[in-house]
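This is the structure, below, for whatever I ask next.
For reference, chains read A, B, C, D, E, F, G, H, I and J in written order, and residue numbers begin at 1 within each chain.
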Amino acid sequence: MALFHVRMDVHIPLDLDPDVRAETVAREKAYSQQLQRAGKWPQIWRIVGQYSNFSIFDVESADELHEILFNLPLFPYMDIEVTPLTRHGSDVKD
Amino acid sequence: MALFHVRMDVHIPLDLDPDVRAETVAREKAYSQQLQRAGKWPQIWRIVGQYSNFSIFDVESADELHEILFNLPLFPYMDIEVTPLTRHGSDVKD
Amino acid sequence: MALFHVRMDVHIPLDLDPDVRAETVAREKAYSQQLQRAGKWPQIWRIVGQYSNFSIFDVESADELHEILFNLPLFPYMDIEVTPLTRHGSDVKD
Amino acid sequence: MALFHVRMDVHIPLDLDPDVRAETVAREKAYSQQLQRAGKWPQIWRIVGQYSNFSIFDVESADELHEILFNLPLFPYMDIEVTPLTRHGSDVKD
Amino acid sequence: MALFHVRMDVHIPLDLDPDVRAETVAREKAYSQQLQRAGKWPQIWRIVGQYSNFSIFDVESADELHEILFNLPLFPYMDIEVTPLTRHGSDVKD
Amino acid sequence: MALFHVRMDVHIPLDLDPDVRAETVAREKAYSQQLQRAGKWPQIWRIVGQYSNFSIFDVESADELHEILFNLPLFPYMDIEVTPLTRHGSDVKD
Amino acid sequence: MALFHVRMDVHIPLDLDPDVRAETVAREKAYSQQLQRAGKWPQIWRIVGQYSNFSIFDVESADELHEILFNLPLFPYMDIEVTPLTRHGSDVKD
Amino acid sequence: MALFHVRMDVHIPLDLDPDVRAETVAREKAYSQQLQRAGKWPQIWRIVGQYSNFSIFDVESADELHEILFNLPLFPYMDIEVTPLTRHGSDVKD
Amino acid sequence: MALFHVRMDVHIPLDLDPDVRAETVAREKAYSQQLQRAGKWPQIWRIVGQYSNFSIFDVESADELHEILFNLPLFPYMDIEVTPLTRHGSDVKD
Amino acid sequence: MALFHVRMDVHIPLDLDPDVRAETVAREKAYSQQLQRAGKWPQIWRIVGQYSNFSIFDVESADELHEILFNLPLFPYMDIEVTPLTRHGSDVKD
């Protein structure tokens, strides 16, 4: 398994059609929740005051992560930063 | 309760006495594990290739977080970046 | 209670309809003043020469701050930077 | 009167003599509190997780502010950023 | 009196109507020259190769400077950076 | 398998004992060549004019990469930047 | 021969005609694969979570590299960073 | 004649011998005042809260400016940024 | 005489009319070549992989350089960085 | 042949033995002049107000450039930035 820290910053164009916007945001939510329930996307937090999140992904490989991210409905409007993680030596969880 | 994302980058001086270094690192580990077990520091990950971690803190207040961070044995050697978090609207955990 | 320092930089698009602009700026002012009077937004200063402000928020939680900021009428046109604060050891105010 | 927003980041050298350090920090505190009581330095907040503060100064002039800052006992160890402020058009305080 | 160093970088949109552009630039020039003659804007230099200037303002207060800058005809197209100044200890002018 | 792009910038202190320096650099070379021969570190290039390299690592996991990097003899003197890679859709190698 | 490390970040405008986009991306792929098969572009990797690649070019000269890059069908939409490489002293490949 | 805008940031090492420091600062002041009186260095301002200045130099050539700056007693401790200036089209001084 | 190092980065909007683009680029080339032949612009190099150049200008004054740069046909689409030069003490050319 | 633009910024430690410093600077000058006379280093300019130079190298390959730079007597004290160049389409020199 491979663990990644991801920051996503969303910049939807101000002139995007409101219906397209609403529909895309709804698809993003459904897509995210499906991956959360599948255990691939175990953590997501909103950054206060930003249209941004910090997320943790727990996937088979970097290849799987790339597929997941490239298929985000909001991907065309996002800046994404990926950081690979490993177990910390002080972590009390085994 | 208040949730924070913290990045810590450790820069121990190369000429620090090895015994002081070892003792400080050991105290840091014990301090961190005590807070993890108390539920204040629920997540800690090593950033691959860096003497750095991403952590999540779940504390009473920003005041409590400040006390915790200022008392880290490695605090004098750290760059610390704190980001306040809130629940994400897509989070499936209630 | 939770104290936050917030910097807001406003970038209204040059081609925004002037009536929409004026109406949005007026709603922003009313919204801000209501929160100031409620004690949630105790300080706001203009940065000289910038369409920007430094503000202090005094709220129940980061969650409440996020709600407040996301509902700013000018939010879609703002860059926002949030910094959590705590009491300074030299502060003469108890 | 002139209003300024100041950020101070303190970097005391790790090898500074502990007595000199303690004595300098104590003088800094006394100096700051004297100016707070005189109304020159009405606000000071600790930035969470940082040896840093945000402060507001309310002085006769930039010349007076410069004198105050240059005489901070910790000045040789500080990075200081000064931003001039003016009244915000939405401020409910007159 | 209060002395400020200001850098202005002008970014007029490429598709601005040429007449509007010419008229705005002409108003900017008249406005600047009126303030120069009034002694408020004693120095202005062009930065070589840039649509930018360095200026010195000599005003009653930061509040007056803000009024002056916000009313620049080119203000909507400018990035402005303000630095408060004080007398230098080596200055031979008394 | 997991593929990573790594940039290493080496900053050996100017006052490091020349024998320690020579011995550490020699150990670094042996360590790197052993990993290259094992297929873990398939590519390494010198950046022209820099004491730096770009490398490709082909490892079991991010955990293995972290072990490898933390044990580099020059690790205490390095800035390391890790980027996870995946197959490019235009790559002719299958 | 001359070896270069190249990073390409692709920013196709969101409002580009979908047919033009698809046709340009297809031409980019064919162009890249022709150069890969000719040995000029021996390595290409996708950066995880980014519309970006790291590539290695093995060409006659910087002049040839410039011709190759300027003729990329996606060149008008790319940020490109070129770094000249040389053999690393620890490289086990002769 | 050639006009230059120069920013100087002074970073005297904390462990410099106090007598050397005082003597160097005194020589800097005398050197600066001699050039001011000669008309080569017509303006110098202190940046509030910084050990820094903005200066204007009015010299024969960039070569003369370089000689002047390289011979500043504090040159070894300074970061210096030089910007060439020309007459601004709105300047009322002819 | 005055010597300057100039970097020009060209960003022609993607939607500029192709005829206007071609005509402007042609005028830029003619303008540059006329100045090269006059000895004012003795060196120009393309930066590999970039729509950018490094140039050397050898002019009467910064004022003349500013006139030259402001009249570049591509000036509205350029970022320009100007650095004043002087003779290097190791230069073998007298 | 291969053409490179190189920027060198020199940071000699303030506490370097003056004789070592003088001897190293003298060797640097001799080394540079030998390469200039050999046609490998055809241009070198001092950046005004900086202990820095812009240089042009005209060498067989990036490998040769790397050898030249790594053997600069001041290399341990330098930040070096290398940019590959190619002929500009507007260059009147054939």
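Observations on the model:
By our rule, a residue touches a chain if its C-beta (ideal position, glycine included) is under 8 Å from a C-beta of that chain, and two chains touch if they have at least 3 such contacts.
For clarity, every value in this text was computed on a predicted model and none was experimentally measured.
Counting steps between touching chains, the shortest path from chain D to chain I takes 2. Following the contact convention of this document, A, F is the list of chains adjacent to both chain B and chain G.
Centroid analysis (C-alpha atoms only) places F farthest from chain E.
Judged by shared residue numbers over all numbers used at their interface, chain B and chain D contact each other through mostly different positions, with under half in common.
Matching B-D against the pairs in F-G, E-H or E-I identifies E-I as its interface repeat (over half of contact pairs the same by residue number).
In terms of their C-alpha centroids, the spacing between chain B and chain F amounts to 27 Å.
Distance between chain B and chain J, defined via averaged C-alpha coordinates, is recorded as 44 Å.
Separating the CA-averaged centres of chain I and chain J is a span of 23 Å.
Contacts with at least two other chains are made by residues 3-4, 46, 48, 62, 65-66, 82, 84-87 of chain H. Taken as a contact graph, the chains fit none of the simple arrangements: neither line, ring, star nor complete graph. By the definition given earlier, chain contacts exist for A-B, A-C, A-F, A-G, B-C, B-D, B-F, C-D, C-E, D-E, D-H, E-H, E-I, F-G, F-J, G-I, G-J, H-I, H-J, I-J.
Listing the residues of chain B that touch chain C in their complex gives 1-4, 61-63, 65-66, 82, 84-87. If you check the complex, the residues on chain C that touch chain A are 4, 6, 13, 62, 65-66, 69-70, 76-77, 80-82. If you check the complex, the residues on chain A that touch chain B are 3, 5, 28-29, 32-33, 36-37, 43-48, 53-54, 56, 83-93.
Per the touch definition, chain I reaches chain G in the complex via residues 14, 46, 48-50.
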